[in-house]
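Same chain, two partners: subunit A is paired with subunit B first, then with subunit C.
Our next item is the complex of A and B:
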C-alpha cells in the first residue's frame, strides 16, 4: 500500500462519520421540536454505541454493563448541575462523608467531563475482572456489573433517591453539544481502532492463543480499552441527564441496555461505521414504532403497550440469523470502495 | 571481512529430559532435544508420537511434568508462552490460527507490535516479509479469505515478524506435495540462515526432512527413537521399521 493510500484510508471513515453527525445536527436545526428531540436522542445513542464499540468491537467481548457507566455519568451530572439550594432540600439525609455533594456545583461542560472520568473510575475498579475473563464469562461479568450498579442506585436512596426521580437539572444538552461530542467520540474510537493497542486487541479477538503466542499482552490491552470506552459512555450519561433533566434508578437498566445492544448488533459491532449507523437507524425506527404503537398509523387506535419492543426484538432476531455481523460486517464507510485491494495483482 | 564484524552469538535452546503426562496418559517421556542458532532441526515421527507436545513444551504453551527447558544456562521451564515469544522463541500452529478478519499485512504487523517493535519499524518489517514470502498480492485482503495454500505462509510470516531467535514450526508444509514441501522448507532454511535463527521443524514426511534439515530427531510413542545426522538416520533399522514400515 502506498503512503498516500494509507493516509486516505486512515482519514476517510472518520471524516465521513463526523460529516454525518453535522448533517444530522442540521436536520434538527431546521426541524420541528419533535424532530429535534429525536435527533438529540439519536446523537446521544451514537455517543454511547461508539464508546461501547471501542471496547466490544476491538475485543470481541460484548458488554451488557456499559449502561452502568452511563448511569454514573448521569448521576454525576445531576449532582454537579442541580442548583445548590434545591439540592440541599432534595438530599437532606446525605451521609456525613458525602456532605460535600450538597454544595458542589459546576458548569455543564465540566459536569460532562467529570461524568466521563467518574465512569472511568468504576471501569478501573472492575478492570482486573475484565483482564482475566474472556468470551461468555466476560459477557456475564458485564451483566453482573449492570445489576450491581442498578442495585446500588436503587437502594442507596439517601444519595440517589432510588426510584424517585432526580429533578431540577437545568436543560443543558443542545443539539450542538450532542453532535460535537458524538463527533469527538467517533474520532477517539477510530483512533483507538487504528492504534497499536487496538490492532493487538483485534488480534486477540480473532485468536486469543495465537495473539499470546505473538507476544501480545491481551489482558493489558483489554483493560485499556475497557477504561477508555467507559469515558464516552459516561459522557452519554451526562448528555442524557442534561437533555431529559429527570431520571431515576430504573432509567439505566435492562430496557436501555437492550436498545443499545440492538443498535450495535444491527449496525455491526465489529465496525465503527456500523455502530454509528445502527445507533441512528434504530433511534429513528424506535420513534416510528412508538408512534405506531400510539396509533399514528392505525387511525388513532393505539396498539397494546410493548408492541414496539416486540417488533424491535423480532428485527434483532432476524438480523442475528440472517447477518450475524450486522449491516456493515467488518466494513467501514468509505467513498472509494476497494480501490487499493488487490492492486498489486 | 575484518575482525570488527560482529559475529552473532550462538545460543542453544534445549528441552532436557522432557516428560508430559495428561491425566495418566504419558504423551512424552524423557525427550531431550536441542537447537542451535542458525541450525534447522527436523522433528519427525508418526501421528500421535508427541511432536506437537514437544513443540508445546519448548514454546511454553504447556509446562512439562518432568524435565526442563533451557536457553543457554537460563531456565525457562516456568516462563509463559507470551514471555518466551518476547525473548525470541516463537512458534506456529499446526492449524495456523491466523487472525482471520485482519488483513494479511495486519497479521504480520501485529505480531511485530506484540513483541514490542515501534509502529514504523513494524510496518517496514511487514513490507519486507510480504515481499520475501510472496504475499504482496494478498497483503490487503482478510487473512481468512486468502487461498488455502497461502495460509501457512501467513503463519510463518507472522512468526518471523517477531524477529525470532528460535522458530518452532508445526508442520509448515502440511497439505503440500513433496516437491512443494521441500521448496517451502528450503525457503525457511534460507530465511533462518540470513537471520542466524534456529529452527525446530515438525514434519511427518521423512523424505521431506532428509534433504533439508541439518539434524533429525525421531519420535515414536512419546520416546526418542534416534537423533542425529540425516544420513545416519535414513538407514537405521528401527526407523525403517516404525516409520517407513507403517506408512507403506
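Our next item is the complex of A and C:
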C-alpha cells in the first residue's frame, strides 16, 4: 500500500461522514419547519449514537446506560441556561449546599461543554466497574446504572423537579450547532478508532484472552473509551435540552434507550458509518411511523397508539435475525469500494 | 414490631423468589436474559382483568393459559431464529419482544390502566400474637411455596427435569445425547409462563390494577434477584430473590422516610457491586458463562 493510499484510507471515511452531516444540514436549511425539526432530532441522534459507538463499537461491550449520561448533559444545560429569575421560583426548595444552582448562568456553548464534562464525571465514577465486566454482565451493570440515574432524577424532586417538567430553557440548538457537534463527534470517534488505544480495544473485542496474553491492558482501554464516549453523549443531552426546551425524568429512560439501541444495531454497531447511518435512517423511519400512526397515509384515520413502536420492534427483530451485525457490518463508508475489499478494517 | 417486619419481609421475599425463578430458568438453558418476562406477567394479569366477573379460579386458570401460550409464542417467533446468537444479542431481541408485546396490548385491549377489584376475602386480615397477617400474604406464601416446591420436584424427579438440567449444563452435549432441544426449550418457556402467571395473579391482587407498563418493575426485580443469587443456578436464584425481597422489606422498614424514594438506587448500586465482586452470584458455587 503506497503512502498516499494509506492517507486516503485514513481520511476518506470521516470526510465522507462529515460531508454527509453538511448535506443533512443543508436539507434542513432549505426545508420547511417540520423537515428542520426531524433533521435536528436526527443529528442529535447521530451525536449520541456516534458517542455510544466509540465505546460499544471498539470494545464490543453493549451499553444500555448511556442515556443516563445524556440525562446528566440535559439537566446540566437546564441549570445553566434557564433564566435566573425563573429558576428561583422553579427551585424554591433547593437544599442549602446546592443553592448555587439557582444563581449560576452560562451561555449555551459553555452549557454544552459543561454538560459533556459532567457526564464524564459520572463515567469516571463508574469506570472501575466497567473495566472489570464484559458481555452480559456489563449489559446488566449498565442497565443498573440507567435505573440508578433515573431513580435519583425521579425522586430527588427538590433539585430535579422529578416527573414534573423542566421548563423555560431558551431554544438554543440550531441546525448548525447540531450538525457541527455531530461532525466533531464523528471526527473524535474516528480518531479514537484508529488510535493505538482504539486498535488495542478492538483486539480485545475480537479475542479477549489473546489480547490480554499479548500484554494489552484491556481494562485501562475500556475505561478510557467509556469516559471518552460519555462526553459526546453528554453533548447530545445538552443539544436535546436546548432543542426541545422541556423534558422530565421520564424522558431519559427505557424508551429513549430502546430507540438508540435500534439505531446502533440496525446500522451496525461495529462500524462508525453504520452507527451514523443507522441514527439518520431510524430517525427518519420513526418520523414516518409517527405520521403513519396519526393517519397521514390512511386517509386521516388515526391508528391505535403503539403501532409505531410495534413496527420498530419488528424491524429490530428482523435485523437481529437476518443481519446480526447490522446493515454495514464491519464496513465503513468509502469512495472506492473495490480497492478496500481484501483488507477491510 | 420486629416480628411484624419479618413477616412482611418473608412475604415479599417469596414473591420475589417466584419472579427470579422465571428469569433464571431461561437464562440457565438459553443464556437468554428475558426482558419480555415482565410482559408475560402483564398478560397473566390481564387475563385476571378479562375474567374479573367470573369466580376467581376462572381468572387464575385463564392467567396460566394466556401466559403460557404467549411465552411459548415468543420463543417460536422471536427467540428460535436466534438460538445460536450471543447473550447480548438475545437480550436486545428480548427488549424488542417486550416493546412489541407492550405496544400490541396498548393498541388493542389495554390503552389505559384498568382496575381489578381484589377478591374480598383476600383483603381480610387475621391477628396472631399481635402480628397482623392478611389472607393475601398467606395465599402468596402458600402459592410460592407450592410452585417452588413443585418446580424442585419437577427438576429432580421427572425425565423432563433431568433433560432441562442437562440442557442447562451443556446444551450441545445434551442434544447429542438425545435430548430434544426444541421440546426442552419450549417446556422451559411454558414453565416460565406458569411462574409469570402466578406472579401476575399476586401482583394484580396487591395492586388492584392492570396496565400495559406494569411488567417493568417485576422484571427489574427478577433480574436483580437472579444476578444476586447466581443466574445459572435455580436454587441460588430463588434464594437470591428471597434475599432481595427481604432486603427490600428491611430497607422499607428502616430507611428514613426521605430516602425511601431512593430505595432502587441503593438496590441497583448493590447489584453493580455484586457483579464486580462475584459475577457468578452471591450464592452460586459454579462459574457462570461470561459473554
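The rule is simple: the second predicted complex is superposed on the first by the 338 of 345 C-alpha atoms of A that agree within 3 Å, B and C clash if a C-alpha of one lies under 4 Å from a C-alpha of the other, contacts with A are read in each partner's own complex, and residues count from 1 in each chain.
Rule of thumb we're sticking to: a contact is a pair of C-beta atoms (placed from the backbone, for glycine too) under 8 Å apart; a residue touches a chain by one contact, two chains touch by 3 or more.
Nothing here was measured: the structure is a model prediction, and the numbers come from that model.
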- Query: If you count the residues of subunit A that each partner touches, which comes out higher, subunit B or subunit C?
  - Reply: C
- Message: With both complexes superposed on chain A, which partner does A:207 reach: first (subunit B), second (subunit C), both or neither?
- Response: first
- In the overlay, answer first, second, both or neither for which of subunit B and subunit C A:324 touches. second
- Message: Taking the superposition on A as described, I'd like to know which of subunit B and subunit C A:265 touches: first, second, both or neither.
- Response: second
- Query: Just subunit B (first), just subunit C (second), both, or neither: which does A:132 touch?
  - Reply: second
- May I ask you to decide whether A:217 touches subunit B, subunit C, both, or neither, giving the answer as first, second, both or neither? first
- Query: Where does A:67 make contact in the superposed view: on subunit B (first), on subunit C (second), on both, or on neither?
  - Reply: neither
- Given the touch rule stated above, what does A:166 touch, subunit B (first), subunit C (second), both, or neither? neither
- Query: Touch check for A:199: first (subunit B), second (subunit C), both, or neither?
  - Reply: first
- Query: Hey, what residues of subunit A end up touching subunit B and subunit C alike?
  - Reply: none
- Message: With touch defined as at the start, can you tell me which subunit B residues reach subunit A in the complex?
- Response: 59, 61, 80-82, 85-86, 90-91, 93, 97-102, 105-107, 109-111, 113-116, 119, 122, 136-137, 139-142, 158-159, 161-162
- Task: Spell out the residues on subunit A that touch subunit C in their complex, using ranges where they run on.
- Result: 62, 126, 128-129, 132-137, 139-141, 143-145, 147-148, 151-152, 154-156, 208, 254, 258, 261, 265, 303-307, 309-310, 312-314, 316-317, 320-321, 324
- Message: Can you tell me which positions in subunit C touch subunit A when the two form their complex?
- Response: 31, 33, 78, 81-82, 85-89, 91-93, 95-97, 99-100, 102-104, 106-108, 111, 216, 220, 223-224, 227, 261-265, 268-269, 271-272, 275-276, 279, 290-291
- Task: Going by the contact rule at the top, pick out the subunit A residues touching subunit B in the complex.
- Result: 1, 196, 199-200, 202-203, 206-207, 209-217, 270, 330, 340-345
